[in-house]
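Presented below are the structures under discussion, each in the form of structure tokens.
Look for chain A in each of the two complexes below; its partner is chain B in the first and chain C in the second.
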Partner chain A sequence: MRYQRVFVPALVLWFLVMVPVGTASAQGEEVPRGPTFAARALQALIDGIQFGVIIAITAVGLSLIFGTIHLINFAHGELVTIGATFAFFLNASAAGPGWHLIPAAIVAVAFGALLGAAIDLGLWRPLRARGTGLINMFIVTIGLSLLLRHIVLVLYGTRPGSFVQYDIQNALDLGPAGITPRDLTVTLLSVAVLLGVAALLQKTRIGTAIRAVSANRDLAEASGIDVQRVVLVVWIIGGGLAALGGVFFGLVEIVTWDMGFKLLLLMFAGVILGGLGSAYGAMVGSLVIGIVAQMSTLWFPADLQYAWALLALIIVLLVRPQGILGQRERIG
Partner chain B sequence: MDFEVILSDALRSGLGPIAAIYALAAMGLNLHFGYTGLLNFGQVGFMLVGGYGLAITVSTWGASMWLGVLVGLASAIVLALLLGLPTLRLRADYLAITTIAAGETLRLFYRSSWAEPTTGGVFGLQRFAKDFYDLNPVPRGSYGVWLVEFSARDMWVLIVAWGLVVVVGILLALLVHSPWGRVIRSIRDDETAVRSLGKNAYAYKMTSLVLGGVLGGVAGMLQAIQVQSVSADSFDPAVTFFLYTLLVLGGAGRILGPVIGSILFWFVLTFLDSALRQAIDSGVISSDLISTSEIGAVRFALVGLALILLVAFRPQGILGSRKEMLLSGR
Partner chain C sequence: MPENGEGPVLVADTIVAGYVPGADVLRGCSIEVRPGELVGVIGPNGAGKSTLAKAVFGLLRIREGTVRLHGEEVTNRPAHEMVRRGVGYVPQLQNVFPELTVEENLRMGMYLRPKAYAERSAAVEELFPVLAARRKQKAGSMSGGERQMLAMARALMMEPQVLLLDEPSAGLSPLFQDQVFARVKEINGAGVAVLMVEQNARRCLQICARGYVLDQGRNAHTGAGTDLLHDEKVIELYLGTLARVR
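Showing the complex of A and B:
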């Protein structure tokens, strides 16, 4: 069991890395000019890791929420958008205060966390108290997604925007590939945040409580854990992480009113690939999805890169529905 | 503020082809969600493959429209099988995620530059329904009573679309009251019990997914015919959310639920739209608050809000039974 859990992701990564490299060594000599295939593959891999860790930050919250209350939050993408657009308002908007990006990002994350808490206290807690069924709650989340997304559209507009700071930078030269200091910082910060979430889950009391509620809600409640409080904390963490992911994504790509909804589908792919409800699975799965999306541009047009990631999701469901790190249990 | 114009707009929309098309797609969704308890968040994907199946056959391959209809139906069946095979054995949430992802993936594929030679990419395909309009038996002129008026062309689409709604409604009523219908309703209420009685729940769910998907495909074809064009961006995921709103509004798990829901939904939506437009034009609402270009966004937001409130306070909608809908909540 243990062996297999490590083996499958290792195999996936191996395929992703080796296939382009293998083709490249055959092509490398023939095309001496321009970036070689190996260089492009390395560049795509770096971009993929960077994209993957950003998806992972947002997907962890989605996965934690699913783990504790079994709700698939279709409105999670909107928390990402709101984080990014709120930071944009504070940083770059003509009507905003024009702060530097770093304080703007911190306030946006705090706002995301508050919004997460508000959604749990104002919407889900009353619905749970009314005994609304889970399936109906899924439909409420798509309503919430539609509502929030179009509120953002009215307030933010359709024009894509970028933050004022760190917009255009020269890439650091890493031999065949390059990365801008901004992207490197975002990647390293994202990894640090993910490690921080892992430490929170493993080492702190609230982290232990979250894992207990995910593993068995009734047992956790019976052993004196305040489940409502744990759920609230999970929403706060999820909202904050989603906002942070939104700021990062807006920083390396662009801020748009529907960025979250596009990311949502990649988050789903990552979460299912890693195993629904497993926070670490969400991290690994998102990383793989990010790499798949960027690597696909080596062979296929760039406007299809999200589509390949979603196809990967359907293939995983066919082959290994419990995901890479998911528990082997009956899920049918 | 001209209330006659607002009312006329709203009535035209509530009785018009678009309401009939959404009613058909929602009837398919009703079979999935209302009767079988399948959470299909990608009904728009079925509409897309239906509409494009027809358009590609005629515009790209130059074949007849009736072959196109068959291609559209076949694509919807294939899509349902592709989605159902991996997910129907799993928990309900997997189907929800996969269908929403598949709908969006299809949209991305059909609008990509890679598929442009076949699908027309972002421009889509136009003018492929000549065969349909050549059959129009309605004499030229315009028809209407009171505030509502339709051209002969619209009348023909209307007759076919509402005719299909009636036929499909009768067929569905027979189907859900047959032994097959009893089994799918029991799957919704308690799948384990159905399995323990020796029924192959997987096969029943698959049949339901295929049938409902085909209805989605038919709706997509009608939509393509009505506007004589398909473009990938008109098959936005929000269409599925509209379908859920009108289904819950009318009452899921009732034959007439999606029909009444669709008429009412489009009536109210267009009424609001038209009233807002008039209010802004006449200065009743200051254009600093909402500009005319933002009305679209406002109405999407209102649909979202309506969906939340409906599911929270009246999950059975107008016609449904509360007990049944709570049961399906699991």
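Showing the complex of A and C:
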């Protein structure tokens, strides 16, 4: 299998280098005027980082939940949607109170955290107590995802919406590329939130407990850690982060009833690419997924950008099966 | 340690428990640990020895029967509460956090009382001098024997009154097995009651004040450790005929 390590990346590189040459030559001498390739690449990189950190915010919760209870939460996308649509209700809906986006976002994140807690207390904790198998629980997450998504559909409708504030802005000029103050703020806030999560995991007592439960649940219990409480905290963090990611994604893109579901595959890709169960892996993996998705638009139609991100996942796993930050495990 | 007339510190009475619904691994077995006593539990593979330790400690749900700690019923209390009540537990496998250093592992043992870390780590490192020299080493890079020492040290950080050991000699070379048993004896000598589940029946019974022989989830024999060592039935069933020669 050693040839894969060289052959597959080489094939992809060749493809990426050859295709623009092919399209340029097909256009003949009449090269369209506009930003240079380097400028477009820089712009795509900036967009990719922004997209990646938003995916990362949502994927960290997914990864922490998988790490602590080994549950693949198919309904995580809906927590993203609910965060965005709840903020939309508070901010822009005719039926809502018409709050400014900032308090609306804070309340939406708190609502997401509470929803995470309610889902754990009302659904997963009783199922765990009954000894329900992981596959059964995974099927339940699919059902929960459908249920929540369609509740949002009924309440929110199918019309895409935008928040009232920060909707249209002029881009700041960064030389060859540009970024709107809104996108820059979202990106910087996302990075700050990710650093905050890392600090929480690394420096606080509850963070230590989360890492301990992820590493070895029984041993964590034997050390005096209340595992059920730790899992509840993980759901609160995961729900809150998903809602925040939803608000950010709704802000830079658009709010729709199925936005979280569309992001779900990319979240999974980020989590797996980074290394299953590692929160830092989810951050790095999501960043790679975001950058690859945006950079692919330099060569290929934007409709295919998610497909390229997932291809990147397959290629990385062929070369490094445990993911970027995952630990190799001895099998057998 | 001699019996001092107090009631038993830990009693498990006719415990029924299992992993899969409808299939009981423990079918009514009972054990008792008195203050400062070293008690061994032996039996063939699948007898339910490790299951008993898990059920008593609260890691596995007990279907019938009761567990009492100092006379107070603690059946199916969560394991972290058992730690708070003075019970330590060392699992058989994966009993350290491999990604954490020795010091961090010991700190995990003090999760409920982080402020007393310095005092307790000094006490525990006196018992396990090898750990003092390796505070910054990752637990995953240590040998099996050293990991077992660290696992026991972690469990002792909270100053338990009862220590449950699940096959502490499993997977170790004979030399390390002897070291582990010597440490268990020392821990017990310091006044900690120990319930040791062991595959190495002969070595276990040699150091235990009392022993229980489990078979198919029930008590098969009970008696003083040395008596069981020379019991014809126990020799026949669990120690092998070579034991007769000794």
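Everything that follows uses one rule, which is that the second predicted complex is superposed on the first by the 296 of 332 C-alpha atoms of A that agree within 3 Å, B and C clash if a C-alpha of one lies under 4 Å from a C-alpha of the other, contacts with A are read in each partner's own complex, and residues count from 1 in each chain.
What we mean here is this: a residue touches a chain if its C-beta (ideal position, glycine included) is under 8 Å from a C-beta of that chain, and two chains touch if they have at least 3 such contacts.
Not measured: the values here are computed from a predicted model.
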{"item": "Touching partner for A:205 - first (chain B), second (chain C), both, neither", "value": "second"}
{"item": "Partner chain in contact with A:195 - chain B first, chain C second, else both or neither", "value": "neither"}
{"item": "A:215 touches, of chain B and chain C: first, second, both or neither?", "value": "second"}
{"item": "Partner chain(s) touched by A:224 [first = chain B, second = chain C, both, neither]", "value": "second"}
{"item": "Partner chain(s) touched by A:135 [first = chain B, second = chain C, both, neither]", "value": "first"}
{"item": "When both partners are placed on the shared chain, which of chain B and chain C touches more of chain A", "value": "B"}
{"item": "First (chain B), second (chain C), both or neither touched by A:172", "value": "neither"}
{"item": "First (chain B), second (chain C), both or neither touched by A:102", "value": "neither"}
{"item": "Which superposed partner A:254 touches (first chain B, second chain C, both, neither)", "value": "neither"}
{"item": "Contacts of A:121 with chain B and chain C, given as first, second, both or neither", "value": "neither"}
{"item": "Overlap of the chain B and chain C footprints on chain A, listed as residue numbers", "value": "131"}
{"item": "Chain A residues touching chain C - in the complex, by the definition given at the top", "value": "131, 205, 208-209, 212, 215-216, 218-228, 327"}
{"item": "In the complex with chain B, residue positions of chain A that touch it", "value": "70, 72, 74, 123, 126-127, 130-136, 138-140, 142-151, 153-154, 261, 265, 268-269, 272, 276, 300-301, 303-304, 306-307, 310-311, 313-314, 317-318, 321, 331-332"}
{"item": "Residues of chain C defined as touching chain A within the complex", "value": "21, 57-59, 61, 78-80, 83-84, 88-91, 94-100, 108-109, 111-112, 114, 154-155, 158"}
{"item": "Residues of chain B defined as touching chain A within the complex", "value": "37, 39, 41, 82, 85-87, 89-94, 96-98, 100-102, 104-105, 108-109, 111-114, 237-238, 241, 244-245, 248, 290, 294, 297-298, 300-301, 303-308, 311-312, 315, 325-326, 328-330"}
